[in-house]
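Beneath this line is the structure, given in structure tokens, with notes to follow.
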Amino acid sequence: MFYHVKELQYHAKPDRPDPLFAKQLQEVLGGQFGEISVALQYLFQGWSVRGNGKYKDLLMDTGAEELAHIEMLATMIARLLDGAPVGDLETAAKDPIIGAILGGMNPQHAIVSGLGAMPADSVGNRWTADYIIASGNLLADFRANLNAESQGRLQAVRLYEATNDRGVKDMLSWLIARDTMHQNQWYAAICELEAKENIVVPSTFPRQKEKREVSYVLFNYSQGDQSAKGRWANGPSMDGEGTFKYVQNPQPYGEKPKLMPAPKYIHDTLPAVLRNDDIPPNLA
Amino acid sequence: MFYHVKELQYHAKPDRPDPLFAKQLQEVLGGQFGEISVALQYLFQGWSVRGNGKYKDLLMDTGAEELAHIEMLATMIARLLDGAPVGDLETAAKDPIIGAILGGMNPQHAIVSGLGAMPADSVGNRWTADYIIASGNLLADFRANLNAESQGRLQAVRLYEATNDRGVKDMLSWLIARDTMHQNQWYAAICELEAKENIVVPSTFPRQKEKREVSYVLFNYSQGDQSAKGRWANGPSMDGEGTFKYVQNPQPYGEKPKLMPAPKYIHDTLPAVLRNDDIPPNLA
Amino acid sequence: MFYHVKELQYHAKPDRPDPLFAKQLQEVLGGQFGEISVALQYLFQGWSVRGNGKYKDLLMDTGAEELAHIEMLATMIARLLDGAPVGDLETAAKDPIIGAILGGMNPQHAIVSGLGAMPADSVGNRWTADYIIASGNLLADFRANLNAESQGRLQAVRLYEATNDRGVKDMLSWLIARDTMHQNQWYAAICELEAKENIVVPSTFPRQKEKREVSYVLFNYSQGDQSAKGRWANGPSMDGEGTFKYVQNPQPYGEKPKLMPAPKYIHDTLPAVLRNDDIPPNLA
Amino acid sequence: MFYHVKELQYHAKPDRPDPLFAKQLQEVLGGQFGEISVALQYLFQGWSVRGNGKYKDLLMDTGAEELAHIEMLATMIARLLDGAPVGDLETAAKDPIIGAILGGMNPQHAIVSGLGAMPADSVGNRWTADYIIASGNLLADFRANLNAESQGRLQAVRLYEATNDRGVKDMLSWLIARDTMHQNQWYAAICELEAKENIVVPSTFPRQKEKREVSYVLFNYSQGDQSAKGRWANGPSMDGEGTFKYVQNPQPYGEKPKLMPAPKYIHDTLPAVLRNDDIPPNLA
Amino acid sequence: MFYHVKELQYHAKPDRPDPLFAKQLQEVLGGQFGEISVALQYLFQGWSVRGNGKYKDLLMDTGAEELAHIEMLATMIARLLDGAPVGDLETAAKDPIIGAILGGMNPQHAIVSGLGAMPADSVGNRWTADYIIASGNLLADFRANLNAESQGRLQAVRLYEATNDRGVKDMLSWLIARDTMHQNQWYAAICELEAKENIVVPSTFPRQKEKREVSYVLFNYSQGDQSAKGRWANGPSMDGEGTFKYVQNPQPYGEKPKLMPAPKYIHDTLPAVLRNDDIPPNLA
Amino acid sequence: MFYHVKELQYHAKPDRPDPLFAKQLQEVLGGQFGEISVALQYLFQGWSVRGNGKYKDLLMDTGAEELAHIEMLATMIARLLDGAPVGDLETAAKDPIIGAILGGMNPQHAIVSGLGAMPADSVGNRWTADYIIASGNLLADFRANLNAESQGRLQAVRLYEATNDRGVKDMLSWLIARDTMHQNQWYAAICELEAKENIVVPSTFPRQKEKREVSYVLFNYSQGDQSAKGRWANGPSMDGEGTFKYVQNPQPYGEKPKLMPAPKYIHDTLPAVLRNDDIPPNLA
């Protein structure tokens, strides 16, 4: 169950409106690695943990915090949109700055949301649960989380570099710091789980059931052998279960597939037509 | 540029048709962590690397291999669909096994693809590029890759457990082994990059610009303090730049937001209406 | 900012597992009118209110409650999936009940989420922000909310009718009661706003700017005149600004459109080709 | 069955081309509350009515009219795109007005549709049936319709405010007037159904089956008690079946959920790992 | 503008309900090549034609007819759903036929649409305008139409083969015949346009501007030379402008791409890291 | 199985960066008819062919080539983005050219992909497998392919017209030439299959099972009889099986549909309410 307090986790006040930047900032609210994604990802992972210890609690702590980040960004975007102009080409032609705003802002910020933030990314794609990950295997999922915080911090940093507004920069410096913590925290949790299990997910599948002769082989499918110079092509494997091997000219292990004809009631192209490789006489 | 050879990377032949399992197997072909996702993810990352060394080559090697995995799965699914029945409730009522197939198989395998594999997941959602990640920052992206191979191997293992067909199990044992390699390889590449940079992505953003007082703090937003027992709440931070700290009762740093009224031409609810918190007389 | 407590708002424990019903129950978690939709809809509306009175507070109260409902449903679905079987056609053929489960359950509940709830509807479509509405105009949005609670209660009732499980029914009886309250509450809020403004949204657009001669006219575009018998075709209009009128044989007010040719660099079909309405001689 | 006449329902001719405004106007053609949405929503509702009286006829009348509105907007957008320029940065740099058009117009209007309207919204999201609602319960659905016409009129008004083109304004004044009628008409139909049934949808579910003790309770989940001042927190409920009640400090009715471990073949994180809340020795 | 008459274009009455088949039949209503797709495709093409002759009229004729087909299918599906059962595993376990229906039907037909047709395909994906095509170039678009009618008739035939219901077969025999006409009609229109223009779309682009040396070359990128035996590898090209040529071992015409480093403020992986191809000492 | 060589199929180097054009060029990379679409369409068709002759080989040849085109476009787009600026309104206000870039470029090119190409179209919609077609019937699918190459060449030509950059034009002249070949090749393959089968797809469905009396009839559903002047309304049908016929005033063959009431547990509007067409007394 959740309680809401009206104060923001941190300040979210720009120096001045900037509808162009409001559009860009949507990326970290409603984009693939925006705050909606991490909030719902952590909460769904938490609700699915089949046990009630510290990992579940950590997920719920962080999921609840990310809800507060959605709130901060929604507030900031609404303020960046304060007094945003509307208009057509005639309006745009009169004033280059207004013109740049009208051409460059997200038109849905005026027409659809009435100058409010939207659950969408910086080009207007609505948020989708395609973005989130929850598998029931925590090592797998904490890797998803570490990635999400890495991508998210990268995007926040790029936005920080793109603005001169001190209020926006101040809020972003908070979010960037929290992403630093979240990268550290998932990293720590991953280390714990790797120490208890193994680096290969899932650790519970018996290794003899996999085709072990190719478990540590790098196949060189792209011409050139620069990739032979990496740690992944030399020495003991990272999971301590084998030795890396580099194959310069990988050959197929399988054969040319030949599929059976489809049943008649499917009305695929008939085998007789497929077998007949000549050019029909009238076309020859 | 790409060349195709007709032989499969590995065998893809089931013991017998099974349209229900064909539907399930679509998950690792066209689902969020299916082979289409990893193939295009690695290729797009590779094409965007701004430098031509071993990391780019590794991405192209692996991207090209994943194309071969799409091919193996497409072949296997077509064979699992061999001779799949079609029919209505009357047909289903006559034979419980046929009925189970008709009720449980993906109807598009008959109606749409004519017993071919589809670029879709196990419930029929078409594949979307929402699933893939390429940021230009390789440490971030290799974490995405390690996650993808972790989720992918987990799904392949679950499918392996779900079938009795030796041919399917044989192919899955190949794919699971390759996922073992790919987890090892991205793990190794991540270790290299973390050694050269720092574990926090991006490593190039000056730390003094982030709000450092909250860079290593765990806020306890979910009642109960189980999360205080983790490595993430104790000792030096994983990035070596600070010390973890646990905050039992996190308080807001910000204030209640109050937004400015919208311009009149937006036709949001008027400030006068919003301010008037009484119940209208005729409703009281 | 949000705090989470670990207790559920209400019990979420089924009498026994039922993976088929777990799939159906996803509809009110992650479907168009599921709890994710109402939670995010109310929160986004709340964050966008440009004023801090009772309407904003009501939105935040209810949005926070809906987060608790997501949690209850996620918990219930995970329990309905307890011990869900996996298997292929061979497994299905041995036991009709297992066969029905394997054919009828959502395969992603096993393969993807590891027996956890998913942010998806009952056929597996992932949740999308296409479902939510926040315009900045509260009367419009409260109507969206009343609709959402009407559709949501209808779906919950249909699910209630579909199960014999007393635990599930108990939880649904809670959600249905809350939907009763939420319908009542948005209804009351709508009455307040209609009393302060007008029933036509937005009330702030000057009526003389609209084409008033057709503001209260029912055009009979579907043959037959049953629709003439409704309140909408007789007497004063509901907004008190006009009189309803029924037009039996509506005629066009406009003319046949004729578009200008496209510029040459667009390479649309050339005007000369379009103008030439004869059949080419070799085809005649 | 449908017949088409070539005349438009109303004029759709702008004073002059304006590719920027063409992009914005797409919102009310192919957006969430555009004319495609209402046309298909009313038609699907009408086709599903299980009875042939005035409500079905009203739906078919209005659905057919909305098809005419799609046509008007498609015509208007094509004309706003007349002679739209194409070009790159070099072209843009030469003339600020051309530059504003090239930067601000929807590039698909040139590349994809060849200066025709698209079934998409103002940021280019293609129309999706996610937007439409048809439940078989007319009171629920008419509420959806009233909402759609409220949001739609709001968007049309915002577009009206944004243009100086008299031709566009003239067409919008028609559409706004029709939205006035449609709001009035669904309002009237709702009043009829509420008079015959009850305001709570569905009215046919026996009230004793819902958890009645919380059917009229406002839980204060957001700190601060502004929401206590509304009609929804005081007096008899709107449905006449109870009395509103305000709960200042809502407590959980449920308990902490504890999920059973997953079966072994799912390969979720093992219970032993989850139970082990200590920090592994090598990390401590 | 459109008028609706209440009679169906043709009968749409099954012999008996069949919720499983209702689900399958959704494919030709709301799938990629269902009636919604062709209706909106033809109408959007028609509205965009920049000229008012026979091609536009043909598009409007056929678009209006397809609306009638949506209506027939919506009616048929509602009747196939008559009295569809609802229930959980307990219900399913009691009667294998009911169990097959509950497992195999689309659960949204009960929960969401209340036994009405949905704007979705046979696996429940909602219809999307991603499916439709309108470019302003009629030869291109008529090819899209011929394809749509080919795919659509193929799907209708597969459904015809799958049912024993005489009422359903009767309706499908109508739709299949109309698809025969529509394939013939677009074929005829294509012949007319190819006679007036050229088979290559667009015909208006000066051929000397394309890289003519590869305009008629088949590159053998897939090992094996079966493709050398087709008409496409021999003789004059189909457009009469060149001669087909087969290249056994295609070589690259380009060079290895080398991208410039990204600007610092993008925070991609630094050039120094990318250049450093050694294994870091602590990993070697 | 696939091998990759690092050289590009053809050069992909612009004269100078142009982030606006990079955004436009995304259309032919990741749009509905971009290179991802044709690559995966041809490969999926090829993998599904149930026979191993020249048609399958042709599909694999061309599918592999299209992968090379994705690569060329990804390279070109990355180069067009070289040194793309970032910034807010303050930056934009200082320099009109920079302002035009910031307003007009795809913000995700900076924030998300770090100046790399994206699997998305020119307005930022991510690529989806909704775009691709593979039915198992080659005549149907080759028509889809001919359409794809027609739409694709049309879009490439429009982009060619829109740029002054000689490097971009050079690459496009290659792609346009290849589209010329691909239109010719699918055209040739279609001719072969039509010669072996019949122009109507599928050719294997017995004609007596379709409602032959309407197999060659043009119904005039759009007022005006321009469409009577086409080849499709006169003379023998294109498939040689009948004679075209034009029906001026098409009448319904069916009757008004009347649906049965829904079962009580669905809670649709009750029949009693639907039958009651009077206005309730309190509203009259």
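Per-chain numbering from 1; labels A, B, C, D, E and F assigned in written order.
Operating definition for what follows: a contact is a pair of C-beta atoms (placed from the backbone, for glycine too) under 8 Å apart; a residue touches a chain by one contact, two chains touch by 3 or more.
Computed from a predicted model, the values in this text were never measured in an experiment.
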{"item": "Set of chains whose contacts include both subunit F and subunit A", "value": "B, C, D, E"}
{"item": "Common touching chains of subunit E and subunit D", "value": "A, B, C, F"}
{"item": "Repeat of interface A-F, chosen from A-C, D-E or D-F - more than half of residue-number contact pairs shared", "value": "D-F"}
{"item": "Centre-to-centre distance between subunit E and subunit B (centres being mean Cα positions), rounded to whole Å", "value": "27"}
{"item": "Per-residue multi-chain contacts in subunit C, two or more chains", "value": "1-9, 32, 48, 50, 52-55, 60-61, 63-64, 68, 75, 78, 86, 96, 100, 103-104, 110, 112, 114-115, 123-126, 128, 130, 135-137, 139, 154, 157-158, 161-162, 188, 191-192, 202, 205, 221-222, 224, 226, 229-231, 252, 256, 259-260, 262, 265-268, 277, 279, 283"}
{"item": "Overall pattern in which the protein chains touch one another (line/ring/star/complete/other)", "value": "complete"}
{"item": "In the complex with subunit B, residue positions of subunit A that touch it", "value": "5-12, 32, 52-58, 60-65, 68, 72, 75, 78-79, 82-84, 86, 110, 114-115, 128, 130-131, 133, 135, 137, 139-140, 143-144, 146-147, 150-151, 153-154, 157, 160, 173-174, 176-178, 180-181, 183-185, 187-189, 191-192, 199-202, 205, 209-222, 224-232, 237-239, 244, 252-257, 259-260, 262-263, 265-268"}
{"item": "Subunit C-facing residues of subunit B, complex", "value": "18-21, 23-24, 27, 31-32, 96-97, 100-101, 103-104, 121-125, 154-155, 158-159, 161-165, 168, 221-224, 252, 256, 258-262, 264, 266-271, 273-277, 279-280, 282-283"}
{"item": "Residues of subunit F that touch subunit A when the two form their complex", "value": "1-6, 48-55, 86-93, 96, 99-100, 102-104, 106-108, 110-112, 114, 123-126, 135-139, 188, 191-193, 195-197, 202, 204-205"}
{"item": "Touch list for subunit E against partner subunit D, complex", "value": "1-9, 30, 36, 40, 43-44, 47-48, 50, 60-61, 63-64, 67-68, 70-71, 74-75, 78, 112-120, 126-130, 132, 134-137"}
{"item": "Contact set on subunit C toward subunit F in their complex", "value": "154, 157-158, 161-162, 226, 229-231, 234-235, 265-267, 277-279, 283-284"}
